[in-house]
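Next, two complexes with chain A in common: one pairs it with chain B, the other with chain C.
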Partner chain A sequence: MNTAVEVRHLTVSYGEKPVLEDVSLAIPRGSFAAIVGPNGAGKTTLMKTMLGLVKPLAGEVSIPARGRRGAVGYVPQSESIDRDFPISAYEVALMGRYASLGWFRRPGKADKAAAEECLRRVGMEKFALRQIGELSGGQQQRVFLARALAQDAEIYFLDEPLKGVDAVSERAIISILRGLCAEGRTVVMVHHDLRTVRDYFDWVSIINLGVVASGAVEDVFCERNIDRAYSRRAAGAAV
Partner chain B sequence: MPAELEIGLIAVMTAASCAVCGSLLLVRGMTMTADAISHTILLGIVLAYFMAGGLDSPLLFLGAAAVGLVTVALGELLVKSRLVSEDSAVGVVFPLLFALAVILITRYASSVHLDTDTVLLGELAFAPFERMTLFGMDIGAKGIYTSAGLLTLDLLFVCVLFKELKTVSFDRTAALVMGFSPALLHYLTMALVSLTAVGSFDAVGSVLVVAFMAAPAATAYLVAESFGRMLTAAVTAAAASAIIGIRAALALDVSFAGAMATAAGLVFLAALIAAPKRGLVGAYLRRRRAGKRSR
Partner chain C sequence: MTAALGFMPRLATGPLIALMSDYTFRTVALGAALIGLMSGVVGCFSVLRREALLADGASHAALPGVVTAYLVTGSRDTAVLLAGAAVSSVLAAAATVLISRRTRIKFESALAVAMSVFFGLGLALISCAQHLPGASKAGLSRFIYGEASSMLMRDVLAAAVLVLVLTAFVCVFFRHFKLAAFDPEYAASAGLRSGAAGGALTAMTVAVTILGIQAVGAVLMSALLIAPAVAARQWTRSLAGMTALAAVFGAVSGVAGTAYSSLRDGVPTGPAIVVAASVIAGVSLLAAPGRGIAAKLVRRRRLRRRVLAATEINSDTRPQIAEAAEKAPPGVSSAERDIHTDGSAAPQEAGEDAGTSAPEDGGGEDNAGGA
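Entry: the complex of A and B
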């Protein structure tokens, strides 16, 4: 298997209680992968550790693409964004080009054209000059997706990009992400809606503190694995 | 150059550099830090004074800027303990360092011209008395050169690091993933804020430093839709407040610092009422229109 991300024996904790315990999994290149699990299962932490934003207590992460600047793209959870910040949709999209520019260099004509093109791809070109806070949740997510597209990364990490998003935006986002995978890029996404896993993704990692199952959707996304992930927490809560 | 013009120049340039720093602080939700730094740098001045043995040494400048950084670093150390929030951490650190400075001054330097009043309430009206001389020639008030130097430094900083500062202030995680070190940018910014505060102290005093780091940036935040426009709007608001304040002070025969700080507050109030999108009037009209439509 040609892997895009691999984590081995990952343990992460904030304070005394572990959030992730001995997590090992691999995601193949070109796949559209979901990370699912109940609330507090450690999905966001797993993603942040993969990105190097959280230091694990033990274990390692390998992302072979990481050598090049900007090869790893990230779309944060929408709540983590300051909606009052004075920045336009276009400027957010242009930010995607900054990764490959590196320090000090300014975006040129080609970068600006790319940012505009990416806004068009997500259907947000009419809102280019709007301040980010004036857009709806779904529109904001599309702008962040445009930023990710502008980055031209090989692997994308998205943290619940469909949360609080209208149906039109959800369809647009999914079709664009599928397009990225068709080009051989990898998309890893924290997802909360179990009903759509089978329709959207080809790879899924079900986690809850540890890995419950990880593999192709048709192989591992079955009732037994889902029950194991979601009832383990319920059992723990009852104690 | 007439004294009024010199005072005006110093005031406008100092106000503008404070506004640039203030904008960088505001977008990170750190305006309180301006207040903290403008007090704790006194400790740096005192310590540097003991080492240098005089008030004219450049050591004073460096010492003050260094303590500014120490303030931020200590605050962050407290935040990392997860026991206090960011705002309270700064609030805990700065009275400690400031009090330490006051004790040192009263205990060991009470005979020197280094009491809190002179350091905290720099007097713009006296700025033209301190002359800069080159080969024995008078080339203008000293304050003009320090404030111009600071303004150049501040503008250069935001121009060169514009996209990096914008990225890290808007989305810290994305900056980290893209390889722009948030910690490095953070400390560079804090160093700049400290330097600007120290330099402006001399010219306008700390009350004005705090006023001009807070008010013009807040004004700009209400009217600007992009980061670049916010910076220009903040500088414009600061310069306008300075000019209005000086005019008012001369006309009413009141203190420059008081009039300028009041002007900065009034300019903010005007923006709060009349800003096109986020102003009170705009919001009221929008609500009324929405109400009519739904009827």
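Entry: the complex of A and C
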């Protein structure tokens, strides 16, 4: 298997109690992969550890594409940003070019055109000069997606990009992500809606503290595995 | 009355002109302007990164360093005293970080503890040092409330060099600072070391704070970082505009405060500068178009008048409206229902106003159509 991201024996903890325990999984290149699990299962933590934003207590992450700066794209949860920051949608999209420019080169004509083109791809070109705080949740998500697209990454990580998003935005986002996979890029996404897993994804990792199941959707996304992931939490809550 | 008014300008402008032509004042005002300018620029990032409190800690914690530097070296040279200030600020910051990482105490509480302990220590040391021969001449107490007039041409030149270097630095790396302030996690994920940019911003905040304590004082220095940035945010929609405007506000506050304290004997420069900055911030919060409190009130009143007018026109169709309200979905609040059920005019006009602020998905607007 040609892997895009692999984690081995990952344990992460913020305090005394581990948030992730001995997580090992691999995601093949070119797949559209979902990370699912109940609230508090450690989905966001797993993603942040993969990205190197959270330091694991033990274990390792390998992303072969990481050699080039900007090869890893990330769309954070929209709540994580300051909505009152004085910045326009276009400026956010242009940030996607910074990684390939490095510290000293300024964005040129080509970079600006790329940022505009990416806003067009997500259907936000009319809002280019709007402040980020003046956009709805779904529109913000699309702007952050445009930033990731402008980065021209090989592997994309998205943390619940469909949370609080209207149906039109959801369809637009999914069709763009499918396009990325068709080009051979990998998309890894934290997802909360179990009903759409079969329709959208070809790979799924079901986690709850540890890995419950990870593999092709048709192989592992079954009632039994879902029950195991979601009832373990119920058992934990009862204690 | 008129005689008094005619008399006033002469009273005020006479000394002011004399002041402007005074060499010492021009030197000192230039120094205060430079400090205000740099505080404005750096303060924008502190405010947006929610690090304003850190500047407060750094300035308060500088005091014992100033006194210790004097006690150890016996020097009254500003550079030596400020070096001591920097050391104790960094020590306080290290203590804060250590406490918040190793114990359950939160960062803000740790900062408050470190800040008050260091500041208290500084005050105690100053009163001890006052009893030493020659110490009162060293003018250590000027670091508490600030005394711009103690700035020599040499100090102003040093400040000018630092301001020039920092400004160039901010200009070259502006977009990286913007990214580090806006979304550091994204920057890190893309392989840009946002920690470096963030660290540089924090270091600049501390450097400007220390630079400012001679003129503004340890107690109030952080206000000069925060007030111009808060004021500038009200008038602009871009970070570049905010930074430039905050620089202007800071510089103006510096000059105005210095002028006021030179004209009124016994008013320390620090409070005067900070009052000037606060007046600018206050006016901006009240009167800025769009974001100001007055503008918001006016918008709300206008909307309310439209809604009321629409209700008036349709008052004879009340029974039908009540019926429509019954049918409205339970999620719509009664206030919203009133607007939407009052015929076609209200939703259109209300929509116009909503469009200028934030786009809301206007579901439920067509519920009234059936009535």
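Going forward, the second predicted complex is superposed on the first by the 239 of 239 C-alpha atoms of A that agree within 3 Å, B and C clash if a C-alpha of one lies under 4 Å from a C-alpha of the other, contacts with A are read in each partner's own complex, and residues count from 1 in each chain.
Just so it is clear, a residue touches a chain if its C-beta (ideal position, glycine included) is under 8 Å from a C-beta of that chain, and two chains touch if they have at least 3 such contacts.
Here the structure is a predicted model, which means the values were calculated and not measured.
Student: Determine, for the superposed arrangement built on chain A, whether chain B and chain C clash or fit.
Tutor: Aligned through their shared chain, the two binders clash on chain A.
Student: I'd like to know which partner A:L135 touches here: chain B for first, chain C for second, both or neither.
Tutor: A:L135 sits against chain C, while chain B stays out of touch.
Student: Figure out whether A:W103 sits in contact with chain B (first) or chain C (second), or with both, or with neither.
Tutor: Both partners, chain B and chain C.
Student: Pick one for A:G42: touches chain B only (first), chain C only (second), both, or neither.
Tutor: After superposition on chain A, A:G42 lies in contact with neither partner.
Student: Touch check for A:P161: first (chain B), second (chain C), both, or neither?
Tutor: In the superposition, A:P161 contacts neither chain B nor chain C.
Student: Should A:Y74 be classified as contacting the first partner (chain B), the second (chain C), both, or neither?
Tutor: both
Student: What is the contact status of A:I87 with respect to chain B (first) and chain C (second): first, second, both, or neither?
Tutor: Both partners, chain B and chain C.
Student: Jot down the residues of chain A that show up as touching in both complexes, chain B in one and chain C in the other.
Tutor: 51-53, 69-70, 72-74, 76, 80-82, 85-88, 91-92, 95, 98-99, 103-104, 106-107, 131, 134, 147
Student: Which residues of chain B touch chain A in their complex?
Tutor: Against chain A, chain B makes touches at 27, 82, 160-164, 166-167, 169-171, 173-174, 176-180, 220-221, 224-227, 229-230, 277.
Student: Using the touch rule from the top, collect the residues of chain C that touch chain A in their complex.
Tutor: 48, 172-173, 175-176, 178-179, 181-183, 185-192, 233, 236-239, 241-242, 357-361
Student: Which residues of chain A touch chain C once you look at their complex with the stated criterion?
Tutor: Those residues of chain A that touch chain C are 48, 51-53, 66, 68-74, 76, 80-82, 85-88, 91-92, 95, 98-99, 103-104, 106-107, 131, 133-136, 139, 147, 151, 157, 166.
Student: Provide the residue numbers of chain A that touch chain B in the complex, in ascending order.
Tutor: Listed in rising order, the residues of chain A that touch chain B are 15, 51-53, 69-70, 72-74, 76, 80-82, 84-88, 91-92, 95, 98-99, 101-104, 106-107, 129-131, 134, 147.
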